[in-house]
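As written, the chains take the letters A, B and C, and residue 1 is the first residue of each chain.
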Amino acid sequence: MSFISYLVNGISLGSVYAIIALGYTMVYGIAKMLNFAHGDVIMVGAYVVMTAIASGGLPPAAAVLLAVVFCTILGVVIESVAYRPLLNAASSLAVLITAIGVSYLLQNVALLVFGANTKSFSSVVPVPALVLAGGSLTISGETIVTIVSCIVIMAGLTLFIKKTKAGQAMLAVSEDKGAAQLMGINVNGTIALTFAIGSALAAVAGVLLCSAYPSLNPYTGAMPGIKAFVAAVFGGIGSIPGALIGGILLGVIEIFGKAYISSQMADAIVFGVLIIVLIVKPAGILGKNIQEKV
Amino acid sequence: MKKMSKTTRSNLITYLMVIVIFAVVQIMVSTGHVSSLLQGLLVPLCAYVILAVSLNLTVGILGELSLGHAGFMCVGAFTSAFFSKCAVEAIPAAGVRYFLALLIGAAAAGICGILIGIPVLRLKGDYLAIVTLAFGEIIKNIVNILFIGRDDKGFHFSTKDSMSLGLEEGGKVIVNGPQGITGTPKDSTFVVGVILILVTLFVVLNLMHSRSGRAIMAIRDNRIAAESVGINITKYKLMAFSISAALAGVAGVIYAHNLATLTAQPKNFGYNMSIMILVFVVLGGIGNMRGSIIAAIILTLLPELLRGLSDYRMLIYAVVLIVMMLFNWSPKAIEWREKYSARFRRKNGKSAKEAA
Amino acid sequence: MALLEVNNLGISFGGLRAVNEFHLKIEKGCLYGLIGPNGAGKTTVFNLLTGVYKPNEGVILLDGENIVGKKTIDINKAGIARTFQNIRLFKDLSVLDNVKAGLHNHYKYSTLEGIFRLPKYFKVEKAMDERAMELLSVFDLDKEADTLAANLPYGKQRKLEITRALATEPKLMLLDEPAAGMNPNETRELMETIRFVRDEFHMTILLIEHDMKLVSGICEELTVLNFGEVLAQGDTSDVLNNPEVIKAYLGE
C-alpha cells in the first residue's frame, strides 16, 4: 500500500509542479525568456492568502481569489516595467538577469514585510481526507484538490488556447512575433496576457503547495520554481502537455527517490533524470527539435 | 600590425587596473581605512573575480549559457581542502602545499568540466543552461552526503554517516558530510588571490587572442561556417568549457583555504551562486573581461557598503540590478544614451574650438 | 581523372525526393555552374558535397577518393571549401580574424604555446597575418582588415566569405549564389575576381547562380537541375540553347 500512497503523493506534488511549469512554459514559448522570478510569485500568492485569512478575516475561497487577482496584477506589472523594455535587447541574457533581479526584489520585499521567520500556513482546503482499502490508504483532502485543480486547469487552458481568439493569438505570437504583428495581433497585449495567466496560476500553485507543505518563508518559492522549470524543460519547453507530463514525472520521481533511495539525494536524482532525458531527447519529451537550416 | 598592439594595450590596461586596485586597497588597509569586515571580504572577492572572468570565457567567448559554475568551484574547493588537510603534516611548507592544492583543485574541476561537457555541450542555449544548473546541484548534493575518514589502514568512504566509516582508534574524519571539512589550513591571502586573478587573466586573455581562441569565437559566431572551414567544434567547445571549469576550481581553492569550516550550502555552491556570477558577467559586459572584474567588485562590495541601511540593503541591491540592466541593455535606453552623448560631444567640441 | 566525380547521388527528406540520380564531373581548373529554378535542389547538392547532409545513396569522388559519410570538417580538410547563400561570417570577429580562422588547419601551434606566448606563437601568428593580408588584398579588403565583419557592406561580406574559403587552401570551391544582392557593377567586378582566383590559385570552382549574365560570362560548363534531377549538362552555350532548359526556365 505504501507504494500506492507514494505514487499518489508524487502525482500530487507533480500536479503543483505542473501548474507552475505551465507558467514557465507559456512565458518561454511566447517571450523566449526564462522568467526566474516566477517561483517567487508563488511565494507572494501564499503570503497574500495567509494575510487575508489571518488579518483580513476573509473566508479561504475569497482569500484565494484575492491572491489570484493580486498575482495577476503583479505579473503584468513586472512584465511591463522590467521585461518589456528588454524584449528586443541585443542579448537574451539581459532579460534573464533582470528576472533574477525581480526575484531578489520579491524575496526581499517579502522579507521586509513578513520577516525571515518561517510561518506555518494553515491549509485552506475544506475537503476531508479519503480513506480507502479499509484504512490502509489515506488520501488527504489537499492531495485530492491539488490533482483535481491540475486537471481542471490543464483542460481549461487547452480549451482557451484552442477555442478563443486570444488563445490563437498566443500561439501565433509564440510561432513568429513579426508575422503575428503584421497580421494585426497586439503582440505586447498578448505577452501581457500570458504573464497574467502564468502569474494567476502561480498564485493557485502557491496556495496548493503551502496547503500540502504548510510552511512559508520568503524563499519558499525558489526551489519549487527551479524544479518546475526543470519539469517544463523535461516535458519540452513551450509545450503545455509537456509541462503536465514533466511536472507529474518530476513529482513522482522526487517522492519515490526520497522514499526508496535517499532523502538527501532526492534532488540529485531529479536532476540526474533530467540530464539523462535531455541527453537522449535534446528538446525534452514532447519538444520539437528544430535543425538549423543551412 | 596595428591590431596586435591594440589588443596588447587593452590587455595591459586590464592587468594594470588589477594591480592599481590592489595597491590602493593595500594602502587603505595599512592606513586603517578598511573595516575588518571588509578586510574579511577581500579573499572571497578574489575568488568571485576569478569566477566571473572564467564564466565569461564560457558565456562571452564560447557563447554558451552555464548556470552550474558554482559546481566547478565546489569541486575545486573540496578536492583541494581535502588534499591540504591530509597533507598538512606531510608537507609543512605552506607555499608548496598551496601550490599543489591549486593544481589539484584546478585539475579536478577541469576534469569534471570535460566529463560534463562531453554529453551536454551538444545541447543548445537554454537547455544547456538548465543541464549545467542540474549538474551544479548534483555536485553540491553529492558533497553533502560524502563522508571520508582516514586511519592507519588508509581511507574509508561512506555515504551514510561518520559512524559507518568504521574508523580505528585514532582515525580522523576528514570530510564529514553536511558538516563538510573543518580545519583546512588558512593559506589563502589577498596577495595570493590577486596573483591568481592575474594568472587567470593571463590565461583567458592570451587564449582569446590565439589560434584556439579564434576557433572558439568562430564557433560562437557561426557554428556551421566554423565547421565548413575545418574547425573541430567538439574539441574547442570542450577546451573552452574545461578551462573555464578549471579556473572556477582555482577560485574554489582560494575560497576553501580561507575558511575554518568548508560546507556545501545553497548559498555558496548552489545555483544561487552560479546566478550571482552570471550577473557579474552580464552586467560587466558579455565577453568583456575588464567589465567582469569591475562588476564583481562593485556587486560584492555594494551590500557591504549598504550595511548601514540594514534590512533595506538587499532590496536596494535588487533595484539597482534591475535599473542597471534596463539602462545598459534596453534598446530605448541605448538610443537615448547615444543621443545624449552625441549632443554632449558636440557641445564639448564647440567649446574646445572656441577656446582655441 | 576528374577532380570531382559524383554518381547516382540521391537524398529524401521525409517523403520528398530532394535530389535524385544526380551526377557531375568537374575537371581540374574548370569554372563550373550549377543552375536551375528555385527549389530545384542546388543548395542541397552543396550540402551533400560538404557533408552537411548524408546522401541516401551515391558516391562523391574527390581526387578519386570517396568522401561520402565524412564529416564536414574532414571534407574541408580533404579539399572542399564553400560559401553560403545566406552569408555566414564570424560577425563579431575582425575581417582579418575571419581569414585567420580559415587558415586554422594550415598554420598550427598548440593551445599552450598560445597561452604562454612561446616563440612559436609569434612566428606562426606573424606568418598567418602575412598570408591573411595577402589573400585580403586579392579581394581589395586589406584596408578593412580591422573592421568587424558584421560592419562590412553586403558586397564585401560576400567577398570576405570567398576569401575565408580560399584560406582553407581547397582543391575545389563551392560558391552559393556569390552575386546575390549585388548591383551590376559589383557583379561584373566579382566575375573578374572569380576568374582571377581560378587563374592565380589554379582553383576549381563550382558555383550556384541565378544571374545568367554571370553564368554565361564565366562558366565553361553547366549542369541544370530541375526538380532534383539533372535536366541538361555540358558546355555552357550548348546547355543554354537547349530547348528543355529554356522551357524549365521560362515555363510553357
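One rule holds for everything that comes next: a contact is a pair of C-beta atoms (placed from the backbone, for glycine too) under 8 Å apart; a residue touches a chain by one contact, two chains touch by 3 or more.
Just so you know, these numbers come straight off a predicted model, no measurement behind them.
When chain centres are defined as mean Cα coordinates, C lies farthest from chain A.
In terms of C-beta pairs in contact, B-C outnumbers the other of B-C and A-C.
Here the spacing of chain A and chain B, counted between their Cα centres, is 31 Å. For this pair, chain B with chain C, the centres built from the Cα atoms lie 42 Å apart.
With centres set at the average Cα position, the gap from chain A to chain C is 49 Å. Each of the following residues of chain C touches two or more other chains: 52, 84.
Residue positions 224 of chain B each touch two or more of the other chains.
Shared interface positions of chain A, i.e. residues touching 2 or more other chains, are given as 294.
On the chain A side of its complex with chain B, the touching residues are 28, 34, 36, 82, 85-86, 88-91, 93-94, 96-98, 100-102, 104-105, 107-109, 111-112, 226, 229-230, 233, 237, 262, 264-265, 267-268, 271-272, 274-275, 278-279, 282-284, 292, 294.
Against chain C, the residues of chain B that register as touching in their complex are 1-4, 6, 202-203, 206-207, 210-215, 217-218, 220-222, 224-233, 239, 287. Chain A makes touch with chain C in their complex at residues 294. Chain C contributes residues 50, 52, 71-73, 76-77, 81-82, 84, 88-94, 96-97, 100-102, 104-105, 107-109, 111, 114-117, 121, 124-126, 128-129, 145-146, 164-165, 167-168 to its touches with chain B in the complex. In the complex of the two chains, the chain C residues touching chain A come out as 43, 47, 52, 84.
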